[in-house]
Amino acid sequence: MASAASVFFQLSPKVQALYEKTREFVEFECIPAEKEFHAQLGALGGPARWTTVPPVVERLKARARSLGLWNTFLPPAYGKYSPGFTNLEYAALCELLGRSLLAPEATNCAAPDTGNMEVLAKYGTQAQKDRWLVPLLNGTIRSAFAMTEPGVASADATNIETRITRDDAHREYVINGKKWWISGAGDPRCKVYIVMGKSDFSAKKHLQQSVILVPADTPGVQVVRPMHVFGYDDAPHGHCEIIFKDVRVPFENIILGEGRGFEVVQGRLGPGRIHHCMRSIGMAERALEYHIIRVTDPARKTFGKLIAEHNPNPIVDSRLEIDQARLLVLKAADSIDKFGAKGALKEIGMAKIVVPRICCNVIDRAIQAHGAAGVSQDFPLAYFYAAMRTLRIADGE
Amino acid sequence: MASAASVFFQLSPKVQALYEKTREFVEFECIPAEKEFHAQLGALGGPARWTTVPPVVERLKARARSLGLWNTFLPPAYGKYSPGFTNLEYAALCELLGRSLLAPEATNCAAPDTGNMEVLAKYGTQAQKDRWLVPLLNGTIRSAFAMTEPGVASADATNIETRITRDDAHREYVINGKKWWISGAGDPRCKVYIVMGKSDFSAKKHLQQSVILVPADTPGVQVVRPMHVFGYDDAPHGHCEIIFKDVRVPFENIILGEGRGFEVVQGRLGPGRIHHCMRSIGMAERALEYHIIRVTDPARKTFGKLIAEHNPNPIVDSRLEIDQARLLVLKAADSIDKFGAKGALKEIGMAKIVVPRICCNVIDRAIQAHGAAGVSQDFPLAYFYAAMRTLRIADGE
Amino acid sequence: MASAASVFFQLSPKVQALYEKTREFVEFECIPAEKEFHAQLGALGGPARWTTVPPVVERLKARARSLGLWNTFLPPAYGKYSPGFTNLEYAALCELLGRSLLAPEATNCAAPDTGNMEVLAKYGTQAQKDRWLVPLLNGTIRSAFAMTEPGVASADATNIETRITRDDAHREYVINGKKWWISGAGDPRCKVYIVMGKSDFSAKKHLQQSVILVPADTPGVQVVRPMHVFGYDDAPHGHCEIIFKDVRVPFENIILGEGRGFEVVQGRLGPGRIHHCMRSIGMAERALEYHIIRVTDPARKTFGKLIAEHNPNPIVDSRLEIDQARLLVLKAADSIDKFGAKGALKEIGMAKIVVPRICCNVIDRAIQAHGAAGVSQDFPLAYFYAAMRTLRIADGE
Amino acid sequence: MASAASVFFQLSPKVQALYEKTREFVEFECIPAEKEFHAQLGALGGPARWTTVPPVVERLKARARSLGLWNTFLPPAYGKYSPGFTNLEYAALCELLGRSLLAPEATNCAAPDTGNMEVLAKYGTQAQKDRWLVPLLNGTIRSAFAMTEPGVASADATNIETRITRDDAHREYVINGKKWWISGAGDPRCKVYIVMGKSDFSAKKHLQQSVILVPADTPGVQVVRPMHVFGYDDAPHGHCEIIFKDVRVPFENIILGEGRGFEVVQGRLGPGRIHHCMRSIGMAERALEYHIIRVTDPARKTFGKLIAEHNPNPIVDSRLEIDQARLLVLKAADSIDKFGAKGALKEIGMAKIVVPRICCNVIDRAIQAHGAAGVSQDFPLAYFYAAMRTLRIADGE
């Protein structure tokens, strides 16, 4: 396996050890558990798929924590909350996690919680940290990030139409708006939304926004439906449409202050996107492994030759695309470490265009090599493709 | 709308009239009914999705029949069964049908029934015709074609492993084997399978196969599961895995005779594939229309311009790909009319490679233009993509 | 050889006979003569390459004329000047001519003369016809079309800056301006330029232009240099930069009248571009033949297999691209016949985008298959590529 | 300008200073001198283009040497001959040199001399070094590497057919064979060929080859013709076809010993190919700069917008491709430093596939943006394309 660890930089012995442990956990515990996860989910069926989390998830979480594979995403700048890995070091680990659909959550390194925890750790008050960050770091609750709105280019926070109004009499904010593609909002353990809205439509373009904490059980919050991705609904996680109707939260729930929403979001997106990229590289590596296994299967020779002998080009192309994209991502991670998320904007921007694009290519080639099985539930390839095709839209071009 | 009717050949007044009628039926009845179909299916939920057909389907069938839009696929050579249209003429109509997921079945022109009806009309005994062809032509039952097997390159009938054994004592054939991706086998109205197996493993390569009729309720037939395509299960139609375990049918159920299965299948695949191609062109046209509507939506201007003004290339590319592919398909249809399926092998072969490929391109561009909505259930685009990606595997490369 | 003649339409016996004769002339006389042409050109060397036409050219012209393969491009509407073939019929012949660099000129069907002859036949006065059209039709002189200017998007005639000023006193027009990429202007036999300029900069956008005949030896005409295409200068034909400095021609030399230049050019471009497309299809077919010969050469087996067996995809892709593009071109030709150049605008526009694009693809694959020989003077492939890459710019996108 | 120097690794102050000096020399002296070079070459004309080197070349060489920009390619392992830069450090410098056609030779870092000097430095006897390496290092002579043969896959040294026969009586080797694409063999200063041939056709596959020094003026050496690349002959450098007919050289001219040719060539190709890659990245950067300048030229607005505003995608794609490819090349260079050419085989192999491929893409996009000027002699883009298209064949796929 070509691995992030062998590229340019040398992992320190401490990280190297964790890298090996992570690798084993993912390969020998998370990936084999995927079948169990789908079986448990299928057994629940219908609406129960949204109210109960398949038990295998919490079992893996306990296991990962006991192995010390927990919260590795939080960089040293976050002090006591951080296990002390740079973005570059985490990139190596994160790629491994991306290989299994279950590994990121098992290690408490799953989106959107990681980005949300970074926001709380960086901008939260002590009270906000105590109430939300601590249980998130402990993996006892989950969270969602509510920014995207229907009919609005998601990439552009200045188009947000959700309204956050002050009610000074009650010292509360009143939130009205409609969001969709809110990932994780379907999970019964999701207890808080970090909501982006506009508190002042007449302020300067980048000072209109505020970001505010909304407990999931606040009256007026209505999860309307899960959005589907191709035919997948991603229960129990979900990518939900949510209506906020006269939702009231106390003044204390605002993050950083009125008009500082744009600033908060900018800080969140940099590392978050690189995490996405790194996980995606791991997903692409796994797809390529399926691809290679398939085309070198002696039982699948046609006209006396392995499929790979008929035409090795698809594998070569995938190898070349992955390795180049990984270098770009590592460079971006390294730039964040050295120059901060702002200083690494260009590198992050390049990575987030390239990675979903090449992942779609790599996975599509693997699908083609599998014949009809490639698009079916017997392999995770079609699901991977759907995920990456969506990421290409969300983060990509 | 660029239409098949305007290309090279002139539709006769009779066909032109039917073309217009078909167009109106599809646009104003079938496409609007799709929402109803999905609502009825969703309301059924769970296992009921496989035992009840949404009522809208039979309503549309009655309507199409009353309009005279029925069985238009069967060419003149089939005598009294045929409404009298050439493959080239039907190609023009078939493209229209392909625009809606409901139109082919509504007009009794849906796969796999069309191919199966051609087989029965061409090779069936009078008894076989009376029992199966007549109700199929009337749309009172449906059928499936059971050829593909797991672990076997589907394109190559010589690899089939299903075994058809003679039991002379009982004048029965005994069938044992495993099939998958049997489209339509999930439908409660599916009453018969046309099964491909080997009756003589020691005969010459192309004389080992036989094709045999198996009533769906024969003991030993077990529909194991529906295969998924990118998360879609296509209920109630389904693409099913089926086990045939000591399934017994009388000698009379064989088609054309022992050892002639290859011949039967060859005759079936030519026109069947061109129908697929033509419907796919219609699907691509509809995707392009969504695409155009989206990028010329005045409400979606960014930086003061329509999306289409920022970059018209994706639409141009789709237009160019569709128009070229259609010409190829029309040429293949014309060749079948003039030289028979065998004489048109090269043209059919070219069309079946090109069409799924360009359809995937066209639909993918439309998805990209829609942002996240493009992969969701709010548009049929992701479903179209999944269908075409699968066709590209099955028929394409 | 896949040929235009087998597509949809049936050639009449008369055209079929000419088709066969053309095919033989091209394959057995023009293509073998290419080596001679290059040898004669090389022997001339230096400046003499621009003042003497290799003798093989006139020999082939005499031969073609004696075979009745002469001026086949001019459609029936041109009356006595026309040999009577429709655009669709000529398309079949023209593809054959495009296979050899020498065949179009040998049959007096070469650009830019064909377009220029159409202009004169359609819009010329009797005097203009007598002086220029007759010798052009006889192949005793050649001509150029001077429209493109440096620094101006060539596709847009409204940007032309060449100035045509009336001198009523002398009943002359005075022309000042700079043109480039004027194909054929290097040829010593080129006796007349059809020049596009503006006679009234203040008129409405499409009424500012006039088209005027300028004898090549008029004082003030200076051929500055040949433009190179990749490393080719195309001597003696040439694509020249020309300065018009106070060039004076009599009032009688204007075509159709002042302010009607846009109209003239529009009429010229339609069929001219389709001729380009058809010849290009022929060039692509020849490149594909080189490709196939190379990859099926038993002497070039590697690891015990023909190159084509290692990977047939490049040939399949080229075959598919050519056949689709040809159908598009034939449809455009047919549309010109049925609806005129204006009525076929969309079809022509599509063909001229698609054809250079796919030709570049087809030729590039052939080059790759030839290794370094593919880019060298030992095969015409690199030259073909250069020509098509330029056409893709000029006519394409 | 995105530069190699900013990627991952930090240049030491010493290298950084040289990097800046190199940059200035290339931008302000080499690139401006290109026009002069072509003018001097054109003025020579005809056969003189092959016998006289345009004087500007030696002027730039003197200048580069005085600036200390000389022989920077030779890594520290070569002891006293080396200026002391690692492959990774040189990669940064080499990219800059690749930006101008004149810079590599001006700094004595041009192919094929660099590879040949490495061979002599690594494997040469003291006598061979004194006679050939010293003047090569001083830039007073040039050299060629004669390996490729017509009709033989150049990538595979085991197919070589040139015969090296011992004549023990005269203590000479007799060489017979035909080579082509021998770069640099046209140059009047080229004084020695490093020739690959087979000294023992019956030995084991990789022990048949020997590499031998042949002075250019040895009787029996006949330079037949320069091969053209898309119309370019690259005078006076040239890529020549050479016949060796009974060419006799003394025993002392063999490098490393009989049967060790494969070993010599393997050692030569690793760094040499990475140099090619790095120069190519520089060429791609320059093409992208032309591209950007063109599409942001205010004088070239169409419909009121900069070309880059109509569609920025081509520039973005080029930027993404170059940056990814550069990282791959740097990784390969770093691997050579750390693990030797053998240990870096995979990295080198990946770079040499990717780089010519993306360079062709980048340059082709730049050509398209320039319209017809892009394929002409007014920009170096078509020449760049021809060079990269050829490299893609030679080194690529």
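Labels A, B, C and D are assigned to the chains in the order they are written; within every chain, residues are numbered from 1.
Convention: a contact is a pair of C-beta atoms (placed from the backbone, for glycine too) under 8 Å apart; a residue touches a chain by one contact, two chains touch by 3 or more.
Computed from a predicted model, the values in this text were never measured in an experiment.
Where the sister copies chain B and chain C meet, the same residue numbers recur on both sides for over half of the interface positions. Of the two chain pairs examined here, A-D and A-B, it is A-B that is joined by more C-beta pairs in contact.
Between the CA-based centres of chain A and chain B the separation comes to 38 Å, rounded to the whole angstrom. Annotation: 45 Å between the Cα-based centres of chain A and chain D.
Residues of chain A in contact with two or more other chains: none. Listing the residues of chain A that touch chain D in their complex gives 7-9, 316, 319-320, 323-325, 327-328, 331, 334, 350, 353-354. For chain D in complex with chain C, the touching residues are 45-46, 148, 150-151, 153-154, 180-181, 227-233, 299, 302, 367-368, 371-377, 382-383, 385-386, 389-390, 392-394, 397. Residues 310-311, 313 of chain A touch chain C in their complex.
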